[in-house]
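One chain, subunit A, links the two complexes that follow: it is found with subunit B in the first and with subunit C in the second.
Let's turn to the complex of A and B:
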């Protein structure tokens, strides 16, 4: 098996965990073992047991390399009725994203599910879109790459699970009734808008990631999504070069996870939408 | 104090209120402005920055507590990104100012639109580093012929050959984006800086794709994204002498997921997509040597070739 999941060993009130040090392209390099008291900031049952700053900083550096894995190794509460992701559900929606880094991975995975289906449908009638052979090739490549990203994110979420059931969101039924996919400008604008949401959602979501591996993975995907967006933008006569909040600013837009989920929900069938109650 | 000022400055431009994504995340929030939030941000900075230190460093940090190096690791990452941005900025500025370079009018308009965005990126990176109290790396003198010599004489003629110019602009543009991905790995756990770098990445990768679109018009096979290390569209110089896309052909993501595996260990469902699709689906960071937190060696090899001595 090539998936190296976290090794989480409970020992009384303490955990020992093995984590691959954040090491860029050096898989398996620098495995460290760290013991952390369960009553520390990271493991406090109520999440509010502050340490003095100096003590926190001493622990934090060593603990953070494994924090994401450890958090991910905690019990999956997505099926737990007390989990916040399942409580704020006034409209009968059903898809919780999980918690911690896995929630971010699943949030972007939800967006990938939508983009794969969006580009699939868009390519069903390429003649309606008056696509050149070059454009058809580019959009097909984007669809294929989005699919690889979607499936990789599914695997990444599973890497973090410790239970027997997959910590993955289900396949989301799409509702593209609000989109016009059989006319060139409208269809490409819809595709660009969705890609822009993916980029802004990943950028804003990375604020909440705690693990270097998650940061890197989502950054790798964000980068390609931005390239996809630029590619679709070039097929539109008036699309902007960037997606920034102020002209000339080098910063891409950033969306909070709840904003990203809300945008995705516009394209998901009611009853299967993402729960946003506990998202930042 | 300088570090706190840095955090305050970053916080001041940050209008997004922060709270954990879920109660179980267990990650302290980084919020702007107040003393309490500064402390939280400092704690998170310490955690995020120290996370970049390999095992030995982390063990040392756990016993020694934070020191000046905490800021330096963050600024090392920022300075390396700045170094990559400088090169692209200088190439575009010098090339577009040369009457010897013939650039089609639509392409020129596109490239001139990229310039102020790069300028702003450099201003923001420099400003952030300055506020930390660490030194901002100055731009170098460049030899864009690739000969490390103020007199030039290298294999490229970017100020007379539009094809050469676009080749270098592609390489440097992609390098900038890849360095930002490295930065995300370095800053893992620090929300403020991670979001900022991710925002920069969103913009620079769009610009990099745009340059690739321009090059695709004159070089068959160029895609808006790197494909399998771009072997089919690069000259031998960038494949052998100075490997510009070192590590970009990797199909391993998340450090542990090898996309090429099949069967029981497969990451992806069958049928496995072609390698071109796998490698195009993810932009890769530069590989690190055992002692590095930021990819200094890779960038020195690549960009050093264009630094005038």
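Let's turn to the complex of A and C:
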């Protein structure tokens, strides 16, 4: 662990004071600072009670971001989204999402790959689903909108790249063996469940976003996914309009990125599943 | 672990971060002189203390969060009052799917109001508004079509309004709360649009209500499609006809998907100034 890397000193004027402090140009001041701050770093002014950590920790998002950043500081190359030759782990996971905002974009993009394929297969047998013309039109539009969102997220991940290589994950082979897509209730329930995962996954993932553009883009998609979910729910006689944590609390469910990836992995062929180990 | 990378990343989340650290040179000085003595195992604890120090007592973030939640509270109260009065109106006489769904939606809005009232300190809560829904749309509580048209406008605007301020909650726990209210609003919008025989999503920047247009308001000159137009500035808050999200345009070329799907597939953010002036003109 290189706590004080040379790159910090090379960062320009903002950190210039650090260099002078370290080189001992102001030894007297340095000693005083140490004496004062040994108190203030760990104790409040009266020297007894700990600092009001809650003031910082209540921003759970910021705190979690800190944890994620610590992870980012120890970059793991196995998370490279372009590394398509990685050997799968015992859970059949091999696809890294990358780090930072790209990881979040790739996570939702993975979910979009699944929804596009899910709606495509579902619409192969519209007669089995007893769809009305209106319902067929709605589901077709949903499929196309999901595809548009997938392609936009693919392009968005690459706007974050520093070199020329793409940052997209590969096309994921799906495994829908656990789903029944040629019978109305089962097929629509599967579609609703996946859309609800997408909504909850974006809401629970956006707290880790750092770029304004990422937040806007994923937020724009999140509410359209919610519209899609409500549309499908209305085609099922017993499905709930909302997907809330508890009745009487009208907040949508939220999933952490690792939970979202785990849910997606149920629909991805083993060996090409998303790596969940380093996700928040 | 590269400390600079961490500071850079924090600066992306909080653009004041470097200033926070900069004004606390003492902390840095301490850190550097102590650096060699800190074992790798103790470093995370040390860093945590360091960030605690940098952020402790900073009120700016919390003030912004409270302001955003107070804004949301005002809009949620408006929506709740609208459904409450509509469901109570005997001449509107909502029944069947209308009534079942709208009762759930009303109760969701009430739940949002309660949640936000618990989250915003009493002194920061907006004063209660007086609504004049039926002064502007005179038949809103007597004509189902008009009632649902206004409901759709309110829900779609609510979705855009939350989206417009999400960025101000970046990195806070409140962001998730706001997003989770916001997606419930989107479900409401979808449900009400389907009750009206509309597409469940916003189709371009027209009023999107071809069969039953929102009537011209009795006062003011706000058009029925005002809720789908660009905010200010338009570059940051584009209209619902936008097809170039994330600065990415022309993606639809050659993929056999109509360009309008690119407008439908993304809800656009709305700035608070435009939301409040539109809502205030029509309903307050």
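In this text, the second predicted complex is superposed on the first by the 188 of 280 C-alpha atoms of A that agree within 3 Å, B and C clash if a C-alpha of one lies under 4 Å from a C-alpha of the other, contacts with A are read in each partner's own complex, and residues count from 1 in each chain.
Note that in this section contacts are C-beta pairs under 8 Å (C-beta built on N, C-alpha and C of every residue); 3 or more make two chains touch, one makes a residue touch a chain.
Everything numeric here is computed off the predicted structure, so don't read it as measured data.
When the two complexes are overlaid on their common chain A, residue A:280 makes contact with subunit B while staying clear of subunit C.
Once the two complexes are laid over each other on the shared chain, residue contacts for A:204 go to subunit B and to subunit C alike.
Contacts of A:270 after superposition on the shared chain: neither subunit B nor subunit C is touched. By the touch criterion defined above, A:104 lies against subunit B but remains apart from subunit C after alignment on the C-alpha atoms of chain A. Look at A:180: by the touch rule set out above, it reaches neither subunit B nor subunit C.
By the touch criterion defined above, A:132 reaches neither subunit B nor subunit C. By the touch criterion defined above, A:257 lies against subunit B but remains apart from subunit C after alignment on the C-alpha atoms of chain A.
According to the touch criterion, the shared surface of subunit A, contacted by subunit B in one complex and subunit C in the other, consists of residues 1-4, 21-22, 29-30, 34, 41-42, 53, 56, 58-62, 65, 74, 100, 138, 141, 144-149, 151-152, 155-156, 159, 199, 202-204, 206-207, 209-213, 215-217, 219-224, 226-231, 233-234, 241-242, 244, 248-254. Considering their complex, residues 16, 18-28, 30, 39, 42-43, 46-55, 58-59, 61-63, 65-66, 110, 113-114, 116-118, 120-121, 124, 177, 180-182, 184-189, 191-192, 194-210, 212-213, 223-225, 247, 250, 252-259, 261, 264-265, 267-269, 273, 277-278, 280-288, 290, 292, 295 of subunit B touch subunit A.
Listed in rising order, the residues of subunit A touching subunit B in the complex are 1-4, 20-32, 34, 41-44, 47, 53-54, 56-65, 67-68, 71, 74, 77, 84-85, 99-100, 103-104, 138, 141, 144-149, 151-152, 155-156, 159, 199-200, 202-224, 226-231, 233-234, 241-244, 248-254, 256-257, 278-280.
The residues of subunit C lying in touch with subunit A in their complex are 1-7, 9-10, 12-14, 18, 22, 25-30, 32-35, 38, 40, 43-44, 47-53, 55-58, 61, 101, 104-105, 107-109, 111-112, 115, 159, 163, 166-167, 170-177, 179-191, 194, 199-201, 245-248, 251-252, 255, 257-258, 261-262, 264-269.
The part of subunit A that touches subunit C in the complex is made up of residues 1-5, 7-8, 11, 14, 17-18, 21-22, 29-30, 33-34, 36-38, 40-42, 51-53, 55-56, 58-62, 65-66, 69-70, 72-74, 100, 138, 141, 144-149, 151-152, 155-156, 159, 199, 202-204, 206-207, 209-213, 215-217, 219-231, 233-234, 241-242, 244, 248-254.
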